[in-house]
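Next up, some structures in structure tokens.
Same chain, two partners: subunit A is paired with subunit B first, then with subunit C.
Let's look at the complex of A and B:
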């Protein structure tokens, strides 16, 4: 760093991310302009669609639940200096765990089956994260490449399994039968069953609160436990960690298992809570959104929850926008996502020298 | 049986499916040999495929389509170069961003221009790179055995021959020219290159530009030769398969060709074996589809042979002060 000293903390955690986000949104606005639409109007429709109604909020929080899980998964790995691009595959495989547990234990009451199915989701996801972790730690293969490969392996494997194992005979749709044993009711269904109250139709379910709990648990793990300290030590300086008596290889494997396990919890929200069956390609890119969320949330659980809410807003708002204006395709969200990753991740230092100069000029 | 596995049809389709892999793999080779990791091959091919199909749809000119596709892919490449070289950003993050940006932009712009939900209109044969029958060889198609060979060699588009020709060119340039040797040095030990008074940034930008051009050709091939329009996500993970092939080839040009042909063959078989029964046994094609990735994981883990990336790849270069 320059001799002039460092920028104050609030610039680092507050101003720079906000500035980067602003630039990403600005360029998205330019894309909307190129399509020949008014970016401000588009933004207004998105906002109204996401936070202007109970239904909008329901979907926003439902999407955010997924992104909290995948964002935390990426962040935990980040803290150990690992880049887990495999959240997509880990969450996909986790659906297998949820489905097997849910379908095979149907004879048991739900208070027993649901916790087992949740655990199975985490374990299956953890396994799909652990293997790349093991290969990195013990065999020296690079985690980025291995997790990418594991996404594709998961994708083919699941097509096979859903098609040949889970699809009921004679069923055209490539999906399992309903997982009635581990059916997590949405808030809408609860309101109808218990209070005879009609709510707008949204898939929001109690998994949202579970996601908030996991966010707290990740914070506790990373900053309040010995393991968390070791994870951060390995990420900050592997050599120093070795001198402190930490075994980085062990930490890499454990971290990847935790990361995969958290990504796997997405299956609780999607498979058990929303779709109630194992559907082909059900993760739908949420694993990759996790990268954007983790970058934006600066790998801190509070930041991740906030970033997940923002992306929940973008997803719900984007859907409404594509209904209101068919000219703007729903994939506009993917463009925004890409820009956010670019400016929050790869180009995050772009404005720093410029800000520094400005900041110290003002201070002089 | 033999016909199914090694017939002219299967082998010709192997060649066709290998072409984008070869081009993308060479792009990755150039980039990574200079020390820039490129996860964004997929995105660059995708946006190039879209640019080529759109240009061809508007103008009906295949060569113009190729030119525009190369320029668009180059633009994305330069963004990656700027992030990785000037800003010393995380190269993997930048690659992921480029993949998303490409996937989103192609559909959003395509939907606006053609109103078909992100597809582009079907191209007429004038606007495509069509198969070329080499006069002397195409007459041999019906001769037994030699006909198979003839169909592998002839009947491909111009871009296929360019792709294959680029393999020896790359191998030669990287091992025999001053530029190539410097480029490899910059991927192994940038400090040494810098000490010798050669610009690290300049060399890396040159590599990134070459990668962009190659991905542009690959994308054009996918949407104007392999098929006749752009559909969303049509690169279907080929950029990542090319990365796998690159690892398989241990970052060398000739082995890259063989690795890509092998993966192309597996892709061809994956299509050919769909629903084919051997007695009562049906090979699930999903297992053939995942084979390239499984093989790469096994290879990377050092269970068969050893694959070593360029030493400085993925590490931003900072001049010592």
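Let's look at the complex of A and C:
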């Protein structure tokens, strides 16, 4: 028998997220109904658009790659008791590292440039996470506030830098020139170049497997290293950590740097793997989706990968839906995604009291 | 139907449990109208729980509350206020940035516009101030007032809301002696005006100075009621500390060796500049247990933090095996050097309740190479160590993968003790080793501590259980208000120790 008030594991990690998802979809259905479309048909189009074709799967996994990175970033910080809202800005700034490394080292062969560019992405992201961590640890500025502020700073800074530093003269689009040195080929390009095989066009690239590796690395860090132990100790009980001789300030700074670094890896997928150039606002909210992904995935790497896949599905399915049903435009899709994030993230605990009351009634 | 003889408050058969802790056991208490009633007892005796029930913060599992003879249900503090009960908390419930007037009105605004309420409050505040000689500038910002005045605002707030009975929880803890004297004068006046005052404290002198009647609580029970005029400090101290069945521990006389820990003139001041540890000096030698006795909150916890390197002393020196470690502030270094520490607060410090037992069992020692080379933490090694220690210390259930929170208090304590003792330390610092631990485990823990001493290790023991101190220690140091009151032999009688713990030296008592 389990202690009162504590639900068994399968309810906690399985039933509650699914219930939340179901309610979110139900309300989305009502919204679709209000604008005069058939919700079941809409859902079918979404599902088919995401998993009904190779192309759909390609996009789904490509989006999921971004969400795995940002979700892991939020989760690592969360284990130290920190709420890193700054994944968006950290990923954005990381693009700068990827671009600078990629453009300035073009003369080197790709097996050297790509690792350097990946490292630069992580370092730039890490720096953008470390500064709020430092401010929290040494100055007591709340991490939630500072990371939000740093998102704005990143946004403005990048507009300036891309416009005045990276944009080739005469180019209308606000983006850098192509990063040819650190060019990560998509699977489609690989198939064409190496096997002369034509795949449907998707931006999916090997970064997806890199993201899975990072998910494993995060698990290893948190549960199989002394640093991970210290991170979790600080997050679970700061007093006990201090008793153990762990310095919470130090852990806060290190954790925020790691968190920012992981968020920064999103630049590998986007800048090096998909866009091949530094594009204005290229993160497109993936940093914020990471918060929902981490919450839904219970801050565990396995859960995060699964949650990232779900959000990838929603993104790709939503895009298809807006193509198929002009009445359900892009903004409507954002509303639906927002509802899912709302129920998975912010209202995550809504059904818990009700469910646990029900559960213990049944058990008695 | 109420006449003047009806008690102001009656508590009948109050019972309250927090999980395994039985905080109040069938408590009966009668508080006469127009009197000052003291409730005295050590920390954890259940005084605050009882008053929280009366003020509606907790609801009792069983029992009945009567106000002026009528049975009432108090579900929240607003119920309590409606029945004329006011409370002044140990930590003030004031909004620092508000004025005195605004604070007094808080919770009694009456309507959506604040103006009329403020005007009315200003009037009655003036009235109250005259009646009870409680002068406070109604427009002063509360955060800028000295503590004594802030407390006065709390009292005024309660009176403004029509309190007939006023509960004060450890009111003098934050006051200077002068401020305390003034508070007592105010309380006297309140009584003379027919108000009832309940004073919670663990300071015997306050009880003697101001109360009419006194109730002594111990381990959640009322153990004695006295008329203050007919009792004395000694009797109260004895009732408070209790003549418990002495848990007999077999031990040989100690054979102390060289000095392991040498504490010299250590002072530690908190942020407000109050010396919580005040010029403390003592030594601990190999092969002996030195016990620090005292009511909790008298500087023992802070002293342990300084010695174990968690905080740095404001001044003074700490020598461990000849090295001055006072200013290092590095618990991990000290652990490497052989200083182990069982913290007083097992739930909040000793282990991490959300971690499994195996991970809690390496807390503080996780840096050791035997648990994984370099940065790695070898999960198998962690689990194996815990399994071994659990077997050695008879922890039940002996499952290292179970969450730390799921073990009983005694077994949690065994996990912590195993962790620290198995590291083979030269000095073991132990805080409250048996607090909230069942009898069987107490005996086991005591035996292990004695065995460690007989191996020639030095042990510094802090406990609020006088019995424990007396049966384990080879020398006893008594602390009160951050100071060492004296050193005694373990054979010293309880009365003398109890008086020292209450800050009364032999000279005062005579």
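For this structure, a couple of remarks:
Throughout what follows, the second predicted complex is superposed on the first by the 351 of 364 C-alpha atoms of A that agree within 3 Å, B and C clash if a C-alpha of one lies under 4 Å from a C-alpha of the other, contacts with A are read in each partner's own complex, and residues count from 1 in each chain.
Going forward, a residue touches a chain if its C-beta (ideal position, glycine included) is under 8 Å from a C-beta of that chain, and two chains touch if they have at least 3 such contacts.
Here the structure is a predicted model, which is why all the values come from computation and not from measurement.
Taking subunit A as the reference, the larger set of touched residues comes from B, when subunit B and subunit C are compared. In the superposed model, A:335 makes contact with subunit B only, not with subunit C. Every residue of subunit B that touches subunit A in the complex is listed here, in rising order: 39, 79, 82-84, 87-94, 96-105, 107-109, 111-112, 117-118, 232, 237, 240, 243-244, 247, 284, 286-287, 289-290, 293-294, 296-297, 300-303, 309.
Considering their complex, residues 308-310, 330-335, 341, 343, 345, 348-355, 359, 362-364, 366-367, 371-372, 375-377, 379, 406 of subunit C touch subunit A. Put simply, subunit A touches subunit C in their complex at residues 3, 223-230, 232-233, 236-237, 239-240, 242-245. The residues of subunit A lying in touch with subunit B in their complex are 31, 34-36, 83, 85, 135, 139-142, 144-146, 148-150, 152-153, 155-157, 159-160, 163-164, 288, 291, 295, 327-329, 331-339, 341-342, 345-350.
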